[in-house]
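Following are the structures in question.
In the two complexes that follow, chain A is the common piece, with chain B as its partner first and chain C second.
Now for the complex of A and B:
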């Protein structure tokens, strides 16, 4: 049981980080960013290139992932989502754009980084073995810790910085924020860049554990959407809660249901459907949006 | 004025080079060979290694004057279609090949895609070379599919027997992705293991193909403490993570698979934790690779930046198609003539040292020759490279 709990906390921390960026972009711009998983993959490949290939320190490579994705996110908002949102009030316009962007990024990843699975050297060697009750490699413990620190830093940034307050105001009521003097276009771009940066950060962190490959983007986006739906779309704390719940459900399911085959996600999907039928706004979302 | 002259000169040079390019291509008639397989998504590495192997070999042939079939020398053109591992797309891909008048297609890469394209191939006169194992594709009355590699029900028993005799393996556990190919490979692997007298201690655990963290998945398997852990049908993307998680969970036994892997992917993803991992390869280990194989690897690397060890096996299909057509030029647009040639075809294997031959096999498994004789090379990964454990043949 201890092992299951440890696996759940570890999975939950990484899932929460993946969901954070997605829910931030949704909260700010009402955009379902289907390309979020591809951004995560690019973050992983950037860290792979700088840490695994060029031999730079891991922290520097991680920083490069964050910067690259922040710039990419800003450019995507400025030249793609921003203009579309201004010209079209139909939500499906941004959804189609996001889906197209996901395909485009997949093609670019294939061209630039190739089709192979990539991995980097472990950042910490060794395995924690607590009397065979909990077996956890040290690098996973470190990544779990770093993910939690990153989540805490993000919450603090959103809570206490001027930019964070402006972003929250924008998320609550775009018109009111504009009337209060918030530069909506600028902060939309900053928010999208921040969301993309979070995807890059988690991609860079997890490449040390899971490696990275071309095909990881789509499934990552699906899991991120599940977490956001559990927690409540556009609610930061909801995304974190959704991430930890999904991580724990997955760990428990894999331990308890393994003898029946791969039915963990079948059970999770059925539970999610029932849950959404009862509470469509998620745990922490508001029924009115 | 000078700028205008420069622009004119550049335009003229471009036009000239375009004309020259067209002329060079127009020297020989073109023989189109198709590829329908997965080149996107998590299993992209499988299809891309196929496609790139074919493109490398085609360019090599064209560069050296073309391929002579009968009295005609052809330039080879590879027409590719990404089926995205979706049977519906695979059907669309095979229909596209038929519309282009192509009679010989490499792929698809997976069981359901290979099964789905069978009616199209049979109706439109296409011989196809799947990398999928279902026996009905190759057993009469089916006759248009030719297995492009060694099936797991052929390599698995050979590996298990070797490990029983040489390493004293007595118990085995299987783990597979929850997809048709890996599951069928697990089932046939389990059957073969039990037939050999191995005790199967775990075979129910499966994982989603997009799993990235295998520690929770593997925990119940490792608790059964098998001598041998078989990663049934594992993709090159998942293999390093499974190896790493198994070793980090303290597993000390042997790990094997019956699919082809890539040494660089294992080195990057699992490092020394991949040492001792047994997989099935082709013919580019130094012990058996011919000069032609080494040149193929060098050309592939030049063309695409890095080699993929899976291509050791996948280099063969195009070679078989062309060599069989050369043996019977009438088959170039008559697949029935190709089928007749299959039974008697034999040619030197250019990718292996010694007197190895290319021929069609499969009588034992399918009752007819519907498999290319790729060498069954069982490799063991050690310190960043594959070493040949043993070589066998399939009939």
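Now for the complex of A and C:
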């Protein structure tokens, strides 16, 4: 039982960060970023390159993942989503763009990093064994801790910094935010960069546990969307809740259902469909938009 | 002139909203725009702040052309707008809403002083500082959006129908606050209202707008007794 909970919290902390980035981008720009999983994969490969290949300190490599994705996110907003939103008021325009972007990033990952599964040396050795009730490698605990710290830092940033306040204002009322003097173009770019950065940061964290490969992008996006469906789109609390719930479900599923075969996600999907039919706005979502 | 609005044409998807509107506002004045729903009053305010792009004509503020600039830079010049419909940031605290009003400003102590000033003017906000703005009553939200605009320390305040959907007793409070903002703080005010009687009684001058044109303009005191205004905007003899 404790073991399942611990696994759930560990998974949830990673998932929550992925969902946070996705939901931030959605809240700010009404863009469903189908390329979020690919951004995560790029983050993983960047940390792999700097930590695994060049032997730089892990923290430095993580920082490189953040910087790379922030720059990539800013460029993508400035040259792709920004112009498309200004030219077209139809929502499918940005959805199609996001889907196309996912293909493009996949192709670029293949070209730059190749198709092989990549792993990195362990960041810390050893395993925590608490009375055989919880057994967890130290590196997982450290990664989980780093994820939690990042989530807390992100929330504090959104809540208390002037930039965070402007981003929230922009998400809640675009016109009113402009009337406060918030430059929509600049802050959309900052928001997109931040969302992409979160994806890259999780990628960098998790490469130390699961490694990284080209094929992880799509499935990661799917999980990110599931979390947002559970928690509600565009709401920070919803993303965090959705992340931890999915993490917990997955941990419980693996413990309980694995004896019946690989059906955990099938069961989760069915439950999610029923849940969405009853509560389409998710747990924390606002049905009135 | 603080604000000059010359022969401005504006349309949305080929539907004309302004067909060549000319108006002005001197420093220290309160000017009212009255007219029925759909006349183009909000479009005038949206044109000034750059939220809607104008087709032709010119808008200048303190002698500087501002049409074509983006809203953020226009707001930064000292124009604050309270849009129609009490547009608070609903999931933010009252305090964060007010702080957003000071977004273009710097200097903590200075902003703090403005905050105290606004809270003194609207004591009900003080009691609700930590509450989400979305949970306030309509009247309180109206006070909040006006207070938020004042946090920018504007030279010109644009108000779009502050009395709309507010309890009659509060309409008077709000009218009184507008007078004080103009008189005591020296903020020039451009007031859009469908409540023409209230607007004319607290403004120096007024323009009556119909389908994208200025049809009548003059001193508010005189317009209150103008037979055309009485018939069209004041509901006869009441």
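Everything that follows uses one rule, which is that the second predicted complex is superposed on the first by the 289 of 289 C-alpha atoms of A that agree within 3 Å, B and C clash if a C-alpha of one lies under 4 Å from a C-alpha of the other, contacts with A are read in each partner's own complex, and residues count from 1 in each chain.
As a working rule, contacts are C-beta pairs under 8 Å (C-beta built on N, C-alpha and C of every residue); 3 or more make two chains touch, one makes a residue touch a chain.
These figures come from a predicted structure and were not determined experimentally.
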item: Which of chain B and chain C A:78 touches, first, second, both or neither; value: neither
item: Touched partner set for A:162, first chain B, second chain C, both or neither; value: second
item: If touched residues of chain A are counted for chain B and for chain C, the larger one; value: B
item: First (chain B), second (chain C), both or neither touched by A:177; value: second
item: For the chain A and chain C complex, residues of the former touching the latter; value: 162, 165-166, 168-169, 172-173, 175-185
item: Partner chain A, residues of chain C touching it in the complex; value: 49, 51, 70-72, 75-76, 80-81, 83, 87-92, 96, 99-101, 103-104, 148, 152
item: Residues of chain B that touch chain A when the two form their complex; value: 39-45, 48-49, 178, 204-208, 210, 212-213, 215-217, 219-220, 236-238, 240-241, 248-250, 262, 264-265, 268-271, 304-306, 308
item: In the complex, chain A residues that touch chain B; value: 3-4, 7, 10-11, 14, 52, 106, 110, 114-122, 127, 129, 135-137, 140, 206, 209-211, 213-216, 218-219, 250-251, 254-255, 258-262, 265
